[in-house]
Amino acid sequence: MSEGDLAVARINFVRQQTLEPQPPPSSMTGPVGWLRENLFSTPFNIVLTILIALLFLWIVPDMLRYLIFDAVWSGADRTVCLITPERPVVGACWPFVFERLPYFIYGSYPIPERWRVDVFFVMLAVAIVWLLWLNAPRRDLGVIYAFVVTPVCSYILLSGWSLIGLPKVDTVLWGGVLVTIVVSAVGIVISLPLGILLALGRRSAMPAVKLFSVIFIEFVRGVPLVTVLFMASVMLPLFVPEHLSPDKLLRALIGIAMFASAYMAEVVRAGLAAIPKGQFEGAQAVGLGYWQMMRLIVLPQALKITIPNIVNTYIGLFKDTTLVFIVGIFDLLRTIEVSRIDPKWAAPSTSATGYAVAAFFYLICCYGMSRYAQETEKRLRKADRR
Amino acid sequence: MAEAALKIKPSRLTNKVAVEIIGMNKWYGDFHVLRDINLRVDGGERIVICGPSGSGKSTMIRCINRLEEHQTGQIIVDGVELTQDLKKIDEVRREVGMVFQHFNLFPHLTILENCTLAPIWVRKMPKREAEEVAMHYLKRVKIPEQAHKFPGQLSGGQQQRVAIARALCMSPKIMLFDEPTSALDPEMVKEVLDTMVTLAEEGMTMLCVTHEMGFARQVADRVIFMDAGQIVEMNTPNEFFSNPQHERTKLFLSQILH
Amino acid sequence: MSTELKAGSPPASVPFYNDPKVRSIAYQIALCLVVAGLIYGAASNAIENLQRARIASGFGFWDNIAGFDISQTLISYSNTSTYGRAFWVGLLNTLLVAGLGIIFATILGFIIGIARLSKNWLVNKAATFYVETIRNLPLLLQLLFWYNAVLKALPDLRDSVKIPGGIYLNNRGLFMPAPSAQAGFGFVELTLLVGVIGAIAYRYWARKRQEQTGQQAPVFLVSLGLIVGLPLLVFLLAGMPLKFDFPEAGRFNIAGGLEVVPEFAALLFGLSIYTAAFIAEVVRAGILAVSHGQTEASYSLGMKPGPTLRLIIVPQAMRVIIPPLTSQYLNLTKNSSLAVAIGYPDLVQVFTGTVLNQTGQAVEVVAITMAVYLTISLVTSFLMNVYNSRVKLVER
Amino acid sequence: QTLKQVKDRGILNCGANTGLAGFGLPDAQGKWTGLDVDTCRAVAAAVLGDANKVKFVPLSAKDRFTALQSGEVDVLARNTTWTSSRDTQLGLNFTGVNYYDGQGFLVRKALKVNSALELNEASVCVQQGTTTELNLADYFRANNMKVKTVTFASSDEAVKAYDSGRCDAFTTDASGLYAERLRLATPGDHIVLPEIISKEPLGPAVRHGDDQWFDVVKWTLFAMINAEELGITSKNTDEMLKSTSPDVRRLLGSEGAFGEQLGLGKDWALQIVKQVGNYGEVFDRNVGAGSPLKIDRGLNKLWSKGGLQYAPPVR
Amino acid sequence: MAEAALKIKPSRLTNKVAVEIIGMNKWYGDFHVLRDINLRVDGGERIVICGPSGSGKSTMIRCINRLEEHQTGQIIVDGVELTQDLKKIDEVRREVGMVFQHFNLFPHLTILENCTLAPIWVRKMPKREAEEVAMHYLKRVKIPEQAHKFPGQLSGGQQQRVAIARALCMSPKIMLFDEPTSALDPEMVKEVLDTMVTLAEEGMTMLCVTHEMGFARQVADRVIFMDAGQIVEMNTPNEFFSNPQHERTKLFLSQILH
């Protein structure tokens, strides 16, 4: 307090020496201070803390015991996972998973051709990292790689092209993680642009466009995907000329993409509703056209606002991929469900072990998505602190 | 409407000192935005704060009702020190009115509802009465006929006047104005300043960030000049305008167009 | 306004392709043509193919005897009822679980969503943890988990928890005495009606009084008294004109009385918990879309965080919340069809499952199912859209 | 026409179960195994000469008939019960019976129940199936008993619920009952009741109105049964070709033109047996003693051994 | 950076008459907000529009680049009549710059990106060059150091200056200013007005809604006074201030504080 003399500062005051900016105080935190502030600041907080701690104590040990300590780790068939007088508690039955793992990943994909799936996974991983890692070099090339090279190459690779010596692999043979990834990747890539178009259509001033968008969105959103896929799977040959009848996986893909788009459209519409009119005016005033305005000004803001909803939709989509089983293609969850039927491994804990694998897989993938989205959100939100 | 019957006088302060700021510092991240602020405002005093753009004027008055947290030093408003204590913050905010630079009207409420919301919910005033008070102030800022429009349908100046009326409807003990006349035409400026003069005469304590030097001259008890996050000079308007001490102040005043 | 339009000069020659009206009409015609073309193509093909395939169709099965049992029926049903009756049983079960699920999920979702924005580290992290686990696991697995957890937590039939008053709780469900009205019960019903009307009137009066005097009345307590207390009093005075059908323990089961099956509890619980995680994110997005200035303005008027949220933030956030919230409601309704996994007899289990299996008329049954869900969805989303257009901002 | 289509296509579309142990289930390599699946392989072997030229389309109980009607699949081999209404109303033709099944009950020993007739007022967990729920209701109605059914989509969940005490009994086709019992925590504590409450003849089906194709599928099945009866196995086909028995010679195509009459090759039955095996082998491999299910052949024994499997002669 | 080398001179108008408004009327719902507006602005002219709050000033200049649709009458900008024709509207907007009363900066873009966006996408300028131009104007409004901040992080006055720089970066033929100095301190006002004077000297056509009478006196070719949606009086600044004709004008001018 350099001029702390308040008596002097009563009426007039002239600063004699300019203060230089100083570094902020190292915030008064130690671990104890942090704890006190964040966990035990009020009675309500204390109660909450204890409750949540208890919840963890209740769940975590049981889970660990089941999945690890009581689990069976090796064996050739069901007998090792049975409950016997010598072994009254049996946890997860891992040898079942070990034996079935290739099936979970590749489904019925012919064994000699499975390297193709591996190559596809690698390509996709590269695409994802290239796109999502903000400091990656040449991200413009990354976009081309991810949206042109990868899809084309993967298509050729996975379904085969006899001209270059890759035997054809029918999509009914695809399965497991492969299908889950393919379907959700396609859905994710298609649904956003389509959803945006539909959302803009729904806000359009042209009655026919608006009507079409509304009908599409409401109807698609309204019927259960299961029934649509059912119709697509068994009824489609009735609606299109026989020779046009598309591949089953493709039908499911179309259905899922349509659904995700309808949901996405509503999500985007919500984001658009939050953009003040001044932004539209500002964009128009600097001479941007409709599409430029949307692309450069409105959508970036609208999408940012609605990121949590987009992630919701993506996560929903990722899980909905499981419905491809209706058209007779087995995704990961379905391969697990089928595997547990195998009498070779029939034991009390087989199902639960299989489901634990599924849960783990979905948790990892979806958590990855939502984590990344939250980082993005945080990054973008820096712009409008205040 | 019997205006005389309305309880629209600002309530009296319980303390002699309205606002006291002692050795206050604030940072935005690494940016030292307010540096060692010391200020004491007595009840009923009218303070004008001016200074170049970005000097921290808005930030300072936002600290007074704790819209921004300060990192070191003390701020005491009407005898209540601003700390983490939520209850005290509420208490302070109830008695301190604020007019924002960007108005921050509630776009989903009509003008009238904007004005009656806080009296009804915070002061527990009957709706009827709150509306009467609101109409009184809306008349005072000359926009009673807009009462049932939404903020989005008003011109900039009209919005600003609503913001002023809204703050006054709470009959606060202390008013903080952040450039309350920026969007107004000279005529309206005069109108609003007149309102403020009346309030001042009724004994309301005011801190006003403004560049209307005329207002400063006419109403202020003291003028504070800020630059680069510091209070550079403080004086009575007369002294301040006729005889600025600090180099920076001189420079600033010399540039004002007349 | 249109009258003044004529007064103006005629628009100078606009090249027709740049006239937005002409353009928009062109776009719309093109769109209509494409859509009509697609529909025509599909329809003509379908007719041709259907004729070729000679598939038996029709809704004659509707009145046939169903011949199977359903474990939870809101309307009377036995295995000699018709398929049509089974359909209604399934539909009502779906509506029941979806309706309750929507209510619970909304309440929980709003709480979690707001908690995710809390400054309190623990509340914030707990809410985040909730969202990140629940949202990221497939619903099916969660339902199975909850179902097994419920079954495991409840005692065996023989060790039923007996609650005085003839209530039993075990892993077959919750059994309660089923009341049936006796003479004189009409009075009670009458007073209930009076109570409800009274409560409404009281609310109205309380609002008026608040407007006039600023006093806030204990609306909730008084309403409760009027709606619950008054009829109860009359009920006692009238000599308790109710007969209870008490559940009785048999050799295998508890028979009679009202029954809440564990499948229902697990499904409702699982659905609400799951959807709440999604709703929480919807709510969070909505609240973040309201500019910070609004909160500041409200605080500076002395409003507390609670009213600020209720009166300022949420109303403005609604327009961002509603469209995706509607989606979540629809999702919940549709997800209720996962009931088949845990044995709850919803529409899909009863109708699209068993009835379809019996009759084999997949196309008809699936079409009806689609129509039902579509109707539910359209009604939901119509209501939500009406609400949404009411909260739209009026802007310059 | 289906025969021609299949030959042109070079691959047989076969509607299989989405997963039923012993009847149609992918193994760890993703290869389909099971009794029904092998029936399809046999058709492919007969028609195309290669038992692997089959595309299996997993069908749920819901879509199976529609899929067959709309032409998505050429033959439906998906443990489908042969009933009159399916034959008449749904435009199907059942080509025979490859498994005689019936519905039974599993109960806890502790209940001390010895007959299904003592199950009045019991809760029964049931897997949603084609006729399962109906049979259950019929049985209880016929015997003037009351029942509480809890219906699950998959047998696994039904068994789990039964195991955790939600129900007193679990019912499904007898073939499944044994398989499901393996899943219980302590299989020894449960017994299968003696009553079989329904007739469930399971068999492959084809579309109405294509008699040639109907014949092909029907005789494929008969060929397998006949092969067993005649002692022809996948191992001994080469020796059997040298056999002098006229029945064997006719079946294997060394005598007569029975294959051509069906629109197939001369060696149609030879290919079936060689590549897939005879009925007994297939049964044994998939559900019988050679499989983890270890189901007794029971009704599915050859007629000559006291069972019901009986095939008309090739002549 | 070789500023001389930059093409930052405003482009010349193709027509002698920059803006012509003939018998224009506009309604908001039933509210007749602009009544029979007739105005002709020559190329290179500087017009100041003043008038009480809510008199329709903003609405009028917003009509000129068709942010609002007028219902009757004609508006011709640089020879192009504003009708439904989308292409023409685009053409006009490209050549007309606007500074909003509420700034309307793009919050998701940095200051620099705010300024370079339109040149890059509308004028198809190389990014490099656009950035140079932007920095030039940011320097001119004294905030080059804020170039990489986001609008939300700037003080009100800083935001307003960004809005001005953003409009100038398009080097428009005509500039519309809606109270461009409302949020600025006197010092900055002078700065900005100086910038505008320079622009004026370079021959840019300007319509400026402002209450800075000093500016009007110094730069304007004509002053327009609006009230209740009508143009009440129009004159050279000298005449306007020294010798107002209309009653309303006299009243308005008499109220201005000095």
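Each chain gets a letter, A, B, C, D and E, in the order it is written, and its residues are counted from 1.
Note that in this section contacts are C-beta pairs under 8 Å (C-beta built on N, C-alpha and C of every residue); 3 or more make two chains touch, one makes a residue touch a chain.
Fair warning: this is a prediction, and the values are worked out from it, not measured in the lab.
Steps from chain A to chain E, taking the shortest chain of touch contacts, total 1. Identification of common neighbours of chain A and chain B yields C, E.
Of all chains displayed, A has the C-alpha centre closest to the centre of the whole protein C-alpha set.
The chain pair C-D and the chain pair B-C differ in C-beta contact count, and the higher one is C-D.
Taking each chain's centre as the mean of its C-alpha atoms, the one that lies farthest from the centre of chain C is E. The centroid of the Cα atoms in chain C and the matching centroid in chain E are 53 Å apart.
Once the centre of each chain is set as its mean CA position, chain B and chain D turn out to be 86 Å apart.
Taking each chain's centre as the average of its CA atoms, chain B and chain E sit 30 Å apart.
Multi-chain contact residues of chain A (touching two or more other chains): 230, 234-235, 237-238, 242, 277, 384, 386.
Residue positions 102, 153 of chain E each touch two or more of the other chains. Residues of chain D found to touch two or more other chains are 62-63, 66, 70-71, 154, 160.
Interface residues of chain B facing chain A in the complex, by the touch rule stated above, are 22-23, 25, 27, 29-32, 35-36, 38-40, 71-72, 152, 222, 228-236, 239, 245-246. Against chain C, the residues of chain B that register as touching in their complex are 62, 65, 67, 90, 93-98, 100, 102, 104-108, 117-118, 120-129, 150, 152-154, 166-167, 170. Of all the residues in chain A, the ones that touch chain C in their complex are 37-39, 41, 45, 48-49, 52, 205-209, 212, 218-219, 221-228, 230-231, 234-235, 237-242, 263, 266-267, 269-271, 273-274, 276-277, 305-309, 311-313, 315-316, 319, 322, 333, 355, 358-359, 362-363, 365-367, 370, 381, 384, 386.
Those residues of chain C lying in contact with chain A across their complex are 24, 27-29, 31-32, 35, 41-42, 45-46, 49-50, 53, 120-123, 126, 132-133, 135-141, 144, 278, 281-282, 284-286, 288-289, 291-292, 319-324, 326-328, 330-331, 334, 337, 348, 352, 362-363, 366, 369-370, 373-374, 376-378, 381, 392, 395-396. The touching residues of chain C, counted against chain D in their complex, run 49, 53-56, 67-71, 79-80, 144, 147-148, 151-152, 156-157, 171-172, 250-253, 255, 261-263, 340-343, 345, 349, 352-354, 356-358, 360, 362-363, 366.
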